[in-house]
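Shown below is the structure under consideration.
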Amino acid sequence: MTDTLRTDGRTPAQMRPVTIERGWSAQAEGSALISFGNTKVLCTASFTPGVPRWLSGKGTGWVTAEYSMLPRSTNERMQRESVKGKIGGRTHEISRLIGRSLRAVIDTKALGENTIVIDCDVLQADGGTRTASITGAYVALVDAIEWARAQGHLPRNAKPLTDSVAAVSVGIVGDTAMSDLAYVEDSRAETDMNVVVTGSGAFVEVQGTAEGVPFSRDELNELLDLALGSAAELTELQRAVLAEERAA
Amino acid sequence: MTDTLRTDGRTPAQMRPVTIERGWSAQAEGSALISFGNTKVLCTASFTPGVPRWLSGKGTGWVTAEYSMLPRSTNERMQRESVKGKIGGRTHEISRLIGRSLRAVIDTKALGENTIVIDCDVLQADGGTRTASITGAYVALVDAIEWARAQGHLPRNAKPLTDSVAAVSVGIVGDTAMSDLAYVEDSRAETDMNVVVTGSGAFVEVQGTAEGVPFSRDELNELLDLALGSAAELTELQRAVLAEERAA
Amino acid sequence: MTDTLRTDGRTPAQMRPVTIERGWSAQAEGSALISFGNTKVLCTASFTPGVPRWLSGKGTGWVTAEYSMLPRSTNERMQRESVKGKIGGRTHEISRLIGRSLRAVIDTKALGENTIVIDCDVLQADGGTRTASITGAYVALVDAIEWARAQGHLPRNAKPLTDSVAAVSVGIVGDTAMSDLAYVEDSRAETDMNVVVTGSGAFVEVQGTAEGVPFSRDELNELLDLALGSAAELTELQRAVLAEERAA
Amino acid sequence: MTDTLRTDGRTPAQMRPVTIERGWSAQAEGSALISFGNTKVLCTASFTPGVPRWLSGKGTGWVTAEYSMLPRSTNERMQRESVKGKIGGRTHEISRLIGRSLRAVIDTKALGENTIVIDCDVLQADGGTRTASITGAYVALVDAIEWARAQGHLPRNAKPLTDSVAAVSVGIVGDTAMSDLAYVEDSRAETDMNVVVTGSGAFVEVQGTAEGVPFSRDELNELLDLALGSAAELTELQRAVLAEERAA
Amino acid sequence: MTDTLRTDGRTPAQMRPVTIERGWSAQAEGSALISFGNTKVLCTASFTPGVPRWLSGKGTGWVTAEYSMLPRSTNERMQRESVKGKIGGRTHEISRLIGRSLRAVIDTKALGENTIVIDCDVLQADGGTRTASITGAYVALVDAIEWARAQGHLPRNAKPLTDSVAAVSVGIVGDTAMSDLAYVEDSRAETDMNVVVTGSGAFVEVQGTAEGVPFSRDELNELLDLALGSAAELTELQRAVLAEERAA
Amino acid sequence: MTDTLRTDGRTPAQMRPVTIERGWSAQAEGSALISFGNTKVLCTASFTPGVPRWLSGKGTGWVTAEYSMLPRSTNERMQRESVKGKIGGRTHEISRLIGRSLRAVIDTKALGENTIVIDCDVLQADGGTRTASITGAYVALVDAIEWARAQGHLPRNAKPLTDSVAAVSVGIVGDTAMSDLAYVEDSRAETDMNVVVTGSGAFVEVQGTAEGVPFSRDELNELLDLALGSAAELTELQRAVLAEERAA
């Protein structure tokens, strides 16, 4: 039916084209430039031996994340947070979400006393920047861990990763539940939900927000169905990208 | 079964004693001192005619919220955010959540060009500070709106409130789903979920986070069942408190 | 004479009703919720073994204080200092005054290398917040020291307290010298003076300020007489409150 | 008696040599470089027509002050407050004291809707920087007002100044009450008092602090006697300096 | 001679491969992703009608620039300036340099009361980030002006651009003057010079700094010769890129 | 020709009267109050044994500088950077320039693990504040080093200074190249250049900026000729001042 077609012609359950350019950065231990349609995020993973002082001596590692948007990633230029002199609530919230999502698939004991900092910098924004960030960050994380193993910072048989992780935004626009909302859809959504899912299909985060009218349990279930489907596609793509030989 | 009893003897679905001291503040247009067990939050609602400049002339009102903890509300003293010179991510996140939750039951057109600022200051913390804040803030909000109506800032027949709103934290501790986690339970929880529900039983926010292992769809459903039950109790209490004559 | 009666019917030398709710906080080592009429301040004392680095190894302890007002403690909501990103001059000034006043009755050698941080958070403001803070903080301080002794952080016979301390604001309103100014009086005062006095009647601080016309030596003396009288009443109340058995 | 002589040979009531270099700055509307012994403060008064927005339309003027120390005005270099990114409590406190002291001799109605900002920058510090600042700032203030009158910003017969103002620090060192404490005396003082006095001998501010043991009423009176004597000398010097023809 | 060859085999006067990807951003009015070897900078130009208040009503436009590095653009991760809460001296200095360089080829009268903000975000850094920024920013600036003309924000015949501008870093490494220093060369340079040159070969900025030993006038001249040669190559490339049809 | 005379009657190559009051500060290890006409800068050098942590154990010293302007050093009062809570780009840029200029004549190995901080505080500004700062700072630096040698912090035969350093601003005003621009000239200059030169006539910094039209190589050469001439005069004055016996 034409009325279920979206602005860009997608069906409700269809994601935008997703691409992952692994190893984009020549400097970082792991990196990925990920696109969900026009949304482009550069994810880097920086590995350093040692942990912050408050963790020292406990035999566990640390994974954290920082998210930021370039000032002109958006349709209207935003002021830089460095110029404002403080980080806004939304930035804090997303940085914390990315960090929690990655730590959910990390065995910090197996990581040893090492730190990985993930940076997700949005070069271009068209909705779904946080879910693209998580999905791309996982690829960067894997490569940083492999780099550390190759350098001898991790034992050969250490398994710090317990699963993979990917994320997708779903929402109710008009009366239709849709996957991977573009900006124009997101701004009209009644309900907006970000779902973070492991490769084995369990939930890491479910964050549903009524932007307009509150939502019912049936709507919640419909959104979760969509999210699990799209997350499985992203998991598949991550596996394919990581199966390729990494460039030196 | 004894093994389903909690530290303080509650059953899994049982909330801690909840009290709401309406009109605690002599200064604010609306206020409530709410307790969920040892958690105590002072909620005030400040009504001012007019809206921020970016909303001016649109005929709609504005409701926003700020959350903060006293430095010694917790077991170990925390540094004040005013002394640090910046607001942390957690504070930002909770302030935004409270604001969104209240706006979900506000018809900003019916509020007219007026602003209500909700302050939720945690005097004592023992888990569930954000859900107590939302639940208490609703009571303060109702009284501030009634004050404004009595002062003539709102038409006599304006109905800015479309529903009531309350919130509860639920989680999986050990293998048991429990409602209204105290701090000691929250810190051992595998999964932690904050659920904001309207008086008519629809969802405003569902924020579930795997702190340990990812959670399954069955677990998600069990937690939502618990949350809806407790929210209904809170809705009942709000109604009872608001049904009393307000002190001058 | 009726013209010496004040707005609330007090005589010039009469304080508002003063109450001290000792041990209000379940978390802090010492605490007191003090009221001077409608002014309500929550004072907590946080004891921690050890001292800041610059004092380390000198065998002396440290007592410091922080003062803050809740945003809606006042008649019109104030912006939070954490949101402004900096602490105002008035806050700094009062925090320093409280700290100096308490240190005047502390023998830091006898305290040993331990730190006590006093937090005075104004829940409701109606004049005299700084003098209520000092008076309540002393009670919290005593309990924190007793807690530390009971825990073995202080020798059984250590006497870190050399005296008690209390404070009162006095001022000239119209042509009348008055004690314990309420906000409406304070805002009309020609001269405003905060006086901090030990239990034995000596001065710790005398801060007199001409808000309107400068004041004469006779007026200064009249104000000091009033202050010493009210301080003696506060000292009496502190003793009575501290003489009670402390709740577990 | 030799034991009443001070480090630099002064008697207890004797001030250090005080000099006022009026009109030091080629840029400011009024200025004075004042010395109390080795303490040197550059005071400038900046006159601008108009008042801050919150005063606009009330027909009254505004006088405010800012105090600061050069990083190497002191014996050990201090970090700049601009580098720290925030102003310390002591700086705030002194800036507020200077502003209040000057406003005590200003009729803001007679000043009209004009603003005068006083800057007191300590070039070299050896005790008494706040009292030297107030004393020098008064001279700068007089010249800025005369400048404004000459420029036609004030009516020819306006009298914004109601009196002169000067300040001195006094204290008890050992058992002796002394006037105009140098740094080495101030750091050993049991009690330290800053007294701001008008030309006609009334008090604007009395700020006495027990640094060591609390002080008695007799000691307070002895200090006030000393302060009034020294303030009268400063008043005399201000008059002499202002009686001279001002350089173009 | 082999000893004049550089790490990457270049001759002293030879630049690294330079590429300009015009119109990289789907959001900005003008944009270019420029590479000088491994140095990659995303330059965007944001056009908005109107000027800052201090310029309003003067009939002239405003062009300004902000420079920033992604935290992992460098070999070791740097802390974000937004996290530090302040912008460092180097960032300020380069932002100002880029702004001045572009304004040197702008006729602000012809630009009318419009503002263009240039953002130069370094995605990957290997020396020469400020000179690559200026060179790329010029391309983005041209496209933003053409966009504004097409949208009717500028008269059809307005000529806000008076020339083109490009920049190159030159330096003395060992005893050899070299063009377009890579990071490893820059860190060993005795003298480092950034030169900004118009398309017609005049100087906009010459910033030479002795990192090791001071430099002679002959060395200065040798460096300027190199810089003019490389700048001419960059001017040629800018022309070629801008001569292409712009993608919709 | 009269048309080459400047506002104050100087010839193009003529500097304003330059005076250096060595040892102005009673507190600092080295100091100089330098005047270039009405521009007056207080330069102090603070010597402390030891180095910042990042340099520790490398056997080399550290010299750094901070520049600041008093708020009323200028014709219109500027807001303090401490009040703004951040340091502006211009201040950063000049502080860095002064530091680099001094380090260019320092052998940090010969300085040993010691730190010298130079503070340049502009008391009065009339153009050329950065060049006066560098020229005066060198004198303060020499005295701080001699002080350290006398105190035994440096070996008797250590030679941390490799040369002297001085600076001058030159520019093209109208069509004439001029030395030591006063503020009124600087604000009309087409090209402005700050040149830092060693006592032996080599360049430390050359910073030329086209404020209006870009400048040619001939103009650049004419400006460098002027700068070298004036710098030689400053070098001569520095030698004369330093040849005098230093006051105790």
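Per-chain residue numbering starts at 1, and chain names A, B, C, D, E and F are given in the order in which the chains are listed.
The criterion applied here is as follows: a residue touches a chain if its C-beta (ideal position, glycine included) is under 8 Å from a C-beta of that chain, and two chains touch if they have at least 3 such contacts.
Because the structure is predicted, anything quoted here is derived from the model rather than measured.
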Intersection of contact sets, chain C vs chain F, gives D
For chain C and chain D, the contact-path distance works out to 1
Of all chains, the one whose CA centroid lies most distant from that of chain C is E
Whole-Å distance, C-alpha centre of chain D to that of chain F, is 33
Dist(centroid_CA(chain A), centroid_CA(chain C)) in Å evaluates to 51
Here the gap between chain A and chain D, centre to centre from mean Cα coordinates and rounded to Å, is 60
Check: chain D positions touching at least 2 other chains come out as 85-87
Listed round the ring from chain E, going first to chain F, the chains are E, F, D, C, B, A
In their shared complex, chain E is touched by residues of chain F numbered 86-90, 92-93, 95-96, 100, 104, 163, 193, 198, 200, 202-210, 213-217, 220, 224
Residue positions on chain A within touch of chain E in the complex are 25-28, 31, 38, 42, 44, 46, 48, 66, 68, 70-75, 77, 80-87, 91, 117, 119, 121, 123-126
